[in-house]
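Both of the next two complexes hold chain A, though its partner changes from chain B to chain C.
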Partner chain A sequence: MSDTAAIVAQCEAMFEDLSFTGVRAWKAAVPGRKVVGFMPFYVPRELIHAAGALPFGILGGGDQLEVIHGDAYYQSYICRIPRSTIELAVTGKLDMVDAMLFPSICDVIRNLSGMWKIMFPKVKARYLDVPQNFRADIGGTFYRGELGELRAMLAELTGKPATDDDLRASIRAYNANRRLVREVYAFRAAEPWKAPSSEVYLVMRAGMVLPVETHSKLLADYLAAAKASDRPKRDNSRIIVSGAFCEQPPLNLIKSIELAGCYIVDDDFMLVNRWEQSDVAEQGDPLAALADSYLRDSADTAAKYEPDQARKGRYLVELVKKRGAEGVIFAAPSFCDPALLERPMLQRVLASHDIPYIAFKYAENSGQMQPIREQAGTFADSIKLWS
Partner chain B sequence: MSQKPPAADVVKEPSMLKQKEMIEANYERLSGAKAQGRKVASTFVPGNLNELIMCFDLANNLPEINAIQNGMRKKSGMLIMEAEKRGHSEDVCTYVKADLGMMAKGNLGPNGKPLPEPDVLLLSYTGCFTFMKWFELVREQYKCETLMLHVPYEGEGHATKSMRDYVVKQLKEVVIPGLEKVSGVKFDIDRLRQYLRESAKAEDDFVWVLESAKRRPSPIDAYFGGVYYIGPIFTAFRGTPDATEYYRLLRQEIAARIAQGQGPITPEGDFGQEKYRLVVEGPPNWTSFRDFWKMFHDEGAVVVASTYTKVGGLYDLGFRHDPDHPLESLADYCLGCYTNRNLPSRIDLIEKYVRDYEADGLLINSIKSCNSFSAGQLLVLREIERRTGKPAAFIETDLVDPRYFSAANVKNRLESYLQMIEQKRRGASPRAAA
Partner chain C sequence: MTVTAGIDVGTGAIKVAVLDVAGEQAKVLAKRVERVRQRDPLKLAADTYDQVLAEIGLKRGDVAYAATTGEGEALAFHTGHFYSMTTHARGAMWLCPEARIALDVGALHGRAIRMDGRGKVLAYKMTSQCASGSGQFLENIARYLGIAQDEIGALSRQADNPERVSGICAVLAETDVINMVSRGISAANILKGIHLSMADRLAKLVKTAGVAEGDIFMSGGLALDSGLVAAMEEAAAKEKLKARIRCNPDSIFAGAFGAALWGAYRHDKLARLAERQAA
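And now, the complex of A and B:
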């Protein structure tokens, strides 16, 4: 087995493990350890880490989980991630989680925070509001306050108030991790045949269940192994996947896009891994540094307001240029308000720049990949023939 | 099942005529705004800042109300399909699509005249994620000034000082300077205080109206009738003498009904005998509004309290606009709207309504378009049944998409539910009856 194959196999095992054995083992290793679950798209993991707890990304149940209980809590027109997350919790698969954070991504996840308070009263559940005003003295002040409240909640949970020095150390650990994430993404864009997206996805996903230091080592190992690998370059089209920032597509969907003749050279899966676009300041007030980074330097996504109409969707155009992409695939979960409301605006921006795109919807348990393969394959061919 | 014969003409009381005049005048004001040199603001109902908008002499356009008007006039289906043809997903909010479809089709208001292009979009981002995308979509077309007022969600069940300060600071440093710039009118806080003083008067009478439903028989229907009662106070009239007068008239009419031992008035006339008292959660369906209402009053089911009539403020919990603390009061108003409260708070409120209004149970109208309301409602149902011992039921419709209103299904569900209540009254378990 090659080095990349061994690493990817390890990541795939973590991905498929819906009992989250690794998270349980981490918690069991030292008495008193706490696990803090979080939903997409972003939480300041540094605060959790600094409090001595494990940030644990919960991205739904995927296509291997049969949802029985979760469906009893949701109407048919609501996306799948909240129902599979409830299924995980009701069936005891999240019973090692001591607290849950629900970021401000949409009304469904927002309301799930309240459901959690009622259904799992022993678990601390908190909705994490993020500013939609991006002025330092307005949104920044508010967000710093929110971070302060979160820090206090975590201190109460762990019994270990995080000092500013603890926080700065955690920022350093996550800065290192994000640098590696960016390196892996850059390498994939440069030589996508050596770092298939189905692999990169699993390597990134591992960051949801591993301590950041372990994940950073894994990223470095994968990067080294991928660079050293010798794989054939194909005449694929280079595309970006957009809209999959919350409920995750099945792994088979990513593989199907690749098998259809596309190299995915960027995506918005698991934005939390690279939310901050460059290093968070490692000196000074750490909460102010995190707030500042959120305001000035965070990724663009549908859950964030764009104050400047002229900038709307420009990030995607700039990403297409930066990655040398030839088109965009809008892949959004069914019933995903943020992605589906955003999509027409992004499509018009792309059209105005003559960037081709296609769109489809999925659910985390979508099983039939033939239509996706045909659509992506036709898109790839059309790029090769006419773009 | 007894059915009243349909009335040839809808029965109108003075307050209804007053409101009709007010709405028509507002649409005339809007369609004539440009000719009169008046600037136009578009904004949303929950957390709306009507008093502030009036301080700048802006005409106030409310896209949700336009969508409702189009829904009730059976025009929204075509508008929604127009938006879907233009690339908007079938999965997303039909208010948004009805609005975008209306813009694509000439932007005609209910008076048949084109609505003006907005000069400013006041994005009061309160209790609903979709609002943000909605105005990004509208802004894309009009390229006009857009003022975001981010109202934090009461995730822990209450507003904090930090949240209030954040909203006030946005009002002071973003919204007010932005409205001054667009309108050319300098902000006068005393003018705002005067409007807020007027608002509080109307709010007192409005609460009296809502709470009249605690009587037996209830003199009002707090959902189907309630959506008319909230009209002035939730929209472009709060803070005006017209609104104060409307609520004075309404209170008078209801007092007269109480004195005569009468129930609510319906489009078909008097309600008749009150058989069931319900609390309803969720917005109504607008495309078949009268048919929907008729299903209830044909059965003698009166809604004594509803949550939809709280999306524009929870006045019955004591909130009043306060002229002595004008900006703080606006912030508290925005923070406290129903859909900006967390799910446990919503459940507590519904439980209180079931008890205080001596309801027979809870009916949830789950709206496909509205995740802000709908996500979590099945848990709401379970919790209310568990806490009150009263039966709860679930129906599914949509706001303004006629494709999602199945009259037969709704009627069946409602009739089954009322039978469940009957069995419960006779001592059988609601689950066994279901």
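And now, the complex of A and C:
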């Protein structure tokens, strides 16, 4: 068993490596291997895995990447993740990517899929549409068809059509991974002083560049090491961070929230790791199982359509109760339409349940953390002293 | 009886206070201020804390709640951390129950904190990033003039014809001072001019934060500067602020006292919650 520091250092090295050395090494290890990049917030990674390719999560360039070319493609009122993703691509940092998937999260990412096809014609690019109707006979049928098309595209890419047995094996691998992800989150909520969010974030983020089996081992090792660690418990406020499901906050922002006296007991940073809330069925038609899981058992977020207005924001209230949280910090990327349009509705629901909240915006390259510390610190104080 | 500690890690000085708190009553068991002087502030804070505890025969384990404030959140041994506004408001209320504005003037910033009768922060305003209204600036000027820090206040109060300096930019203010020295302006008039400029800026902060009732309590290191306090009284009159300017020999400990008092409050609250959960 390793200690948490060694595991976290390994994850941080992967996080900072914008050449994605590990992904390149995986591809180079066996001739003919393919890498399939994807953007937040969700793709059915099982299909990529079953086709023998590596699902590679691309979450922008973070705060270490200077965006020069990327700015030329977007207006000033567009968020930073598409700019930095283009910057990564045009500077050759994504030249090992054989195909790109763009999930249906917002107009900007949808349009990026079209731009990708024009800019990088040799890379297969697909806009992944997801159901907006949650009836099995409508949305389910639609999504199963979408998954079938994706399966065919991946078969063409890898030359290895994934059989149903391959898919079921991949579902098992990802179910195992998601169980560990849930366990890490549950442990952090129970003993947040032993699993700081800045660490959990890096461990979760490692899953974007590692094969699922390797990531599962990493999660298990981290969990064991965190449970065995001896760290002092602080009198911190327990909060949930909401709104950061696409463009990721800088690591320093997460550290600043924690330093300001908050324990983050849940968040939506790396939603793809736990999109499915429980195991996907490992028997029967695997595409139908994945579609069914999306309809019935997927996480709630601003980018997912909620047909029942009465249920809007209920998930956040339920999460607050489940995690024993004392407040919510809405942290959303600047110009993020899904998060910022959803925010007032979520705030109204929280207010109606007397759950305190604050809100601020960030960009993946935000460098000035004093205002964040100030807001998070005073929020933590107000919870501790006046709630 | 609950023994709690407040450790206020400031830019210029570390302030440590150990209190014995019983309900609404609190007694100072020990306190110490230690100037940072280019030392590692976190190590200095930890060492000062241990020394203060040793003075009264206590160890870290005897303290029910060690609360940090200021830049002290990275101290490994703290039980909880409170933001500076929260602690200065509480400390000001304890030292001066009539206070409804805590005016914290430290080495790097000045801030006006408006609170209610419970010490709850209602609003606050802070000086912008320039250091011209800060203690560090005043200290630098005094050093250029060859004046010891504890002489500044008395000298300033002897001024008969003060000249104001820039209240916006430390670089411009330093240029103003150099010009004054070359024009033969006395040190007393220069210092008073700086005090008046700082006080003008601070009074505007107070006005923006909103003062409807109660007194203005000066906390932080510069509350001990009698020249600045006198200038603040003049500036408050000029701005037509009805509140009185108050301070205390222990004003510099307001943040540390506030942290220790909130620590005691949290210690009791957590104990009550634990009892309720056990029941």
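To be clear about the criterion, the second predicted complex is superposed on the first by the 385 of 387 C-alpha atoms of A that agree within 3 Å, B and C clash if a C-alpha of one lies under 4 Å from a C-alpha of the other, contacts with A are read in each partner's own complex, and residues count from 1 in each chain.
Following the convention adopted for this analysis, contacts are C-beta pairs under 8 Å (C-beta built on N, C-alpha and C of every residue); 3 or more make two chains touch, one makes a residue touch a chain.
Please read all numbers here as calculations on a predicted model, not as lab measurements.
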Overlay on chain A: chain C relative to chain B, clash or fit: fit
First, second, both or neither for A:Phe335, with chain B first and chain C second: first
Partner chain in contact with A:Arg234 - chain B first, chain C second, else both or neither: second
Dominant contact partner of chain A by residue count, chain C or chain B: B
Touching partner for A:Gln347 - first (chain B), second (chain C), both, neither: first
First, second, both or neither for A:Leu385, with chain B first and chain C second: second
Touched partner set for A:Gly145, first chain B, second chain C, both or neither: first
Centroid geometry (CA): angle chain B/chain A/chain C, rounded to a multiple of 10 degrees: 100
Chain B versus chain C as contact partner of A:Val108, first or second or both or neither: first
Which superposed partner A:Leu259 touches (first chain B, second chain C, both, neither): second
Distance of closest approach, chain C and chain B, by C-alpha atoms in Å: 19
Chain B and chain C footprints on chain A, overlapping residues: none
Chain C partner contacts - residues on chain A that touch it in the complex: 232, 234-236, 259-261, 374, 377-378, 380-381, 384-386
Residues of chain A touching chain B in the complex: 72-75, 77-78, 82, 102, 104, 106-108, 110-115, 117-119, 126-129, 131-133, 135, 137-139, 141-142, 145-146, 149, 302-303, 305-307, 309, 312, 332, 334-338, 340-345, 347-348, 361
Chain B residues within the chain A interface of the complex: 86-89, 91-93, 96, 123, 125, 128-130, 132-134, 136-137, 139-140, 143, 146, 148, 150, 152-153, 155-156, 160, 162-163, 165-166, 169-170, 173-174, 342-347, 366, 368, 371-372, 374-379, 383, 396
Contacting residues of chain C [partner chain A, same complex]: 65, 73-74, 76-83, 85-86, 120-121, 262, 265-266, 270
